[in-house]
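Each chain carries a letter (A, B, C and D) given by its place in the written order, and its residues are counted from 1.
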Amino acid sequence: MNVEKVSRADELNSILDAVYRIGLRYRDGALADYIPELAKAEPEHFGIAVATAQGRIYAVGDIEVEFTIQSVSKAFAYCLAVEQIGREQVLRRVGVEPSGDAFNAIEFDPGTNRPYNPMVNAGAITVAGILHERFGADAFDFLMERFSRAAGRRLGFDEKVYRSEAQTGHRNRAIAHLLLAGGIIPAAVDAIVDLYFRQCSILVTAADLARMGATLASMGENPMTDEQVFDLQAVRDTQAVMLSCGMYDYSGNWIFDVGIPAKSGVGGGIVGVVNRQLGIGTYSPRLDRKGNSVRGVAAITLLSEELGLHAFDCTNVGSALLGSFLS
Amino acid sequence: MNVEKVSRADELNSILDAVYRIGLRYRDGALADYIPELAKAEPEHFGIAVATAQGRIYAVGDIEVEFTIQSVSKAFAYCLAVEQIGREQVLRRVGVEPSGDAFNAIEFDPGTNRPYNPMVNAGAITVAGILHERFGADAFDFLMERFSRAAGRRLGFDEKVYRSEAQTGHRNRAIAHLLLAGGIIPAAVDAIVDLYFRQCSILVTAADLARMGATLASMGENPMTDEQVFDLQAVRDTQAVMLSCGMYDYSGNWIFDVGIPAKSGVGGGIVGVVNRQLGIGTYSPRLDRKGNSVRGVAAITLLSEELGLHAFDCTNVGSALLGSFLS
Amino acid sequence: MNVEKVSRADELNSILDAVYRIGLRYRDGALADYIPELAKAEPEHFGIAVATAQGRIYAVGDIEVEFTIQSVSKAFAYCLAVEQIGREQVLRRVGVEPSGDAFNAIEFDPGTNRPYNPMVNAGAITVAGILHERFGADAFDFLMERFSRAAGRRLGFDEKVYRSEAQTGHRNRAIAHLLLAGGIIPAAVDAIVDLYFRQCSILVTAADLARMGATLASMGENPMTDEQVFDLQAVRDTQAVMLSCGMYDYSGNWIFDVGIPAKSGVGGGIVGVVNRQLGIGTYSPRLDRKGNSVRGVAAITLLSEELGLHAFDCTNVGSALLGSFLS
Amino acid sequence: MNVEKVSRADELNSILDAVYRIGLRYRDGALADYIPELAKAEPEHFGIAVATAQGRIYAVGDIEVEFTIQSVSKAFAYCLAVEQIGREQVLRRVGVEPSGDAFNAIEFDPGTNRPYNPMVNAGAITVAGILHERFGADAFDFLMERFSRAAGRRLGFDEKVYRSEAQTGHRNRAIAHLLLAGGIIPAAVDAIVDLYFRQCSILVTAADLARMGATLASMGENPMTDEQVFDLQAVRDTQAVMLSCGMYDYSGNWIFDVGIPAKSGVGGGIVGVVNRQLGIGTYSPRLDRKGNSVRGVAAITLLSEELGLHAFDCTNVGSALLGSFLS
């Protein structure tokens, strides 16, 4: 380890510390409560992890607390669907356009019956339909295995959350019947919705999300294990959709303010991807009204500014900005 | 001039030639006809120009044909509004969210009365309102002078197009009255709409647009004249809005397929910006149903693929792809 | 029977004949084809029946051809729901506002999650939910018995249509899951949707619909059998909803042009009600794009004009008008 | 005068007294405040007048307080437009469908560019365009003369309200420009909007509105003066549109609960029409959120119930109901 690397690591660690301390000040937002299990999360938990394309990880806070991946899974499941049946086949069933609607909207593209994009529930259930069509009863094992390889460890599963979602997910079941009516998914509605509920109940940590993000950032290769996990072309498509559609009905503001592909889940996690550079994982269970983690959004926004991650950043804004937040 | 540079220039020229030849095959679309002057354009005109951040220009086809800038002006006017009154003040009056509606939609953000973004007419009229508030009767001269410096030459003005727009622009006048009703623009409705019609009637060429794009790509400095034309922060904001809202109700697909900030106009022009690398200008007056130049969209899409310009491109796709188009 | 009555009967018969002959000229529209059974109807079938509050029936054409009642059942099922649990309880679950949307829309009243009215599928499934909650497995027998008493004969049932609808009704199943998600119907989604499919598969004739309409017109008492079939208050509410919401996304024009409560079904039937005066039943299976029987709409419109049935009619338009149609 | 008539008059007076006393209990709602003059009304003012087709008037409360007619004028102006250019010509420019939108909505029928109906501002401005096209600068005198004959006295005009509306009516001006853009009104936008503002500023009393309503109810003949004021056919059409579209985005509930044609204005007035029987005028300036007079709606609803005015009423509900309100 040479001196320069040490000093850059020190700098990154100090930035992470500062971002963490700023994030702690955010106390608004509320736990998801549509199922009892999610409401049991510890509201103060907060963790930030950054995994680089070189295989290093920098972290602060509660980065080993497990939570359900929820909608963050949509990005990775989409990546696998593109790998399995190809971009064109996937595009026939689900679009790439931000909808401007809530994540659980039941509006489809009028011309094609397609869900607007794979990041809203309708699109994610369509992706589950694609994977179920291909793998049948093995679809969940396939997902779990790939997610685990991206995280670099065997991920767990929250049986209680899964059962709760399965019992109360009437709206998602309605969406699936509409997709069947529109010829978008096959008739195995119950199995497809079940796969979707299972996929959302996979347990991850902020560190896992950082590593999964770094795997996308590194052209599909996990930079910690050097294992190829995702298809190259699928990774590119996934990042594009995460940028335009990842943060719900917020895409223009996200591109304006933050400018990096990301995906959030009501479990409190967010994954961010800076192509060829790094993956970011955050965890904090208090959500804003759009369902995004309040501290997570703040942390990724600050990191983008501080590290000059925005796609169109012209300057190294430097620590002056961060200082102004801390003052 | 060393050997490597020569070979790269040759390569870029041959790519441009190939893209041009592919583009010529597109014969669909129709001339804008809402005012007689636009319907007089020569449908077969087609030009592509690329200006690099190093100050070189590569071009093919009808790159010196003049046409009215129309909505391409919205991007540059927005840049100037941000420079003049600051990001926050501009954000109070016009958002940065793709609307999913047509360019001449009259829907505003329900909570704030703001137009969704500066790339739809309502947002561009709001920007005109900001500039008129600041410069009064001199607003148009200010715009013209800055546009000209970005293009590196004194731009012209199409009096006939201007008069035609002024006579028939009832819908834009309606939008302006709605903006006044919502407290978004000041009471000088007629002068503001007039400024907007004038700004749209500025004459440019594909080469102008390439240079104007290169000026945005080079942190606001015209790389041909080394003159600082636009504010640094404003350039960043402009690129972000161009990426998410520049190609009308098409933002997600644009980010997915092309992935570079761009803005089109019904005059037939498109400007593209690849941050820190290059500006692209195209001209071809036949428009698709969304009002984008058919050949221009094809050309920029091909250039993005061939030159690996997409923000999330993982590979150098190489000439194989282009070959497949040509075969 | 005195002379005057004879002459009025003659007059009504001759008007019916004229209306029938005009109706025969309408050859546009298409058979419903979303299930194979409906597409097997004889396109030229056409019948008109008028049953008076005095218990007489006047008829012309194919008035004894049986067809499935389909959405015409929604009006009578609503009447029974109001009778069973009262106006206020029903209003808590389904509104009385025309939706402006198609009959199978999945939009609900944003404030309350209620379907807009009982004449769209979502509202009719809600009504089925109310009746299923009250009668359980006996709900269909209850409906069938009351419908039969209103028609004055034991109605039949089309098993094939029922099975076809049950197999393909994914959209209605989706709607039911949404209603469950919104707390509007109880959890027995499958049984409720099944009841709705059954109710739609009851077999009626144009004469049956005329008698059922006359029963509503006669304050709930079947004027042929002198049997009280429907609750008085419920009859009033049903007529009001039929007037404002009965003819799909067409309510204002219906009130303007025809002005009498009516309900159509994709089986080709329409029922009309002229309070305290008469019921009208028509059958012709070719439908316009809104799903209303083309000849049925024409016949009821002509009858309204010719007999001065419109609520706001100021004159006896007389046979001049009809003559002008025939000339 | 025979005994029976005396007793019926006594009965009607006592019902009016009771309705008035119930109405007084409503203290919610707020004065219109978009122009200062409207906010100066006395909030407690409340008057109810009923004018019969036989030329008698029954009244209680502040029935001689003058207020601006505002949107109540839309019904009568529509009646005159139909008279002047005929039903079909008017239908080509403005529909008869409730819009479900607010009164000042800027949504038009997508297929035809027509405003949805003449009771929303866009439709009323279109009607003003029709009358201006026909009468030019004399259009307002024409309106004023006919309104006055319907009221049976020379009506006044509120210059201050007119000026205030003219100064602040940016949204209505925007609507007019959109109508011009859509080819619905001629180019004299300013004169047409001015006519509309003038028409809204005519001064009436509750008694005037009752007489104007009675004129509609009596086939266009003022039953007090025996003068024919409105065209027969136009009266029918006007009543139909008042029923389906008169009470803003509330048509289905109005038909369900009240069932008589009516039109309200933000000045606090409501006119109701019971065909061939009577006209109702109410005044109370406190408005609900839809812009309808709170006490006026209550009064007309109670009168409808108490007098059995609902089109589908099956019973004479009798004083029991009113008693229950009073208890």
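Here is the rule we use: a contact is a pair of C-beta atoms (placed from the backbone, for glycine too) under 8 Å apart; a residue touches a chain by one contact, two chains touch by 3 or more.
Predicted model only: the values in this text are computed from it and were never measured.
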{"item": "Contacts common to subunit A and subunit B (chain labels)", "value": "none"}
{"item": "Chain whose mean Cα position lies farthest from subunit C", "value": "B"}
{"item": "Contact-richer chain pair [A-C vs C-D]", "value": "C-D"}
{"item": "Inter-chain centre distance, subunit B versus subunit C - centres from mean C-alpha coordinates, in Å", "value": "56"}
{"item": "Centre-to-centre distance between subunit C and subunit A (centres being mean Cα positions), rounded to whole Å", "value": "50"}
{"item": "Gap in Å, rounded to a whole number, between the CA centres of subunit D and subunit C", "value": "32"}
{"item": "Where subunit C touches two or more other chains, by residue", "value": "none"}
{"item": "Arrangement of touching chains [line / ring / star / complete / other]", "value": "ring"}
{"item": "All touching chain pairs, where touch follows the definition stated at the start", "value": "A-B, A-C, B-D, C-D"}
{"item": "Subunit A contact footprint on subunit B (complex, rising order)", "value": "95-100, 116-117, 219-220, 232-233, 235-237, 239-241, 243-245, 250-253, 255-256, 259, 261, 275, 310-315"}
{"item": "For the subunit D and subunit B complex, residues of the former touching the latter", "value": "106, 170-171, 173-178, 180-181"}
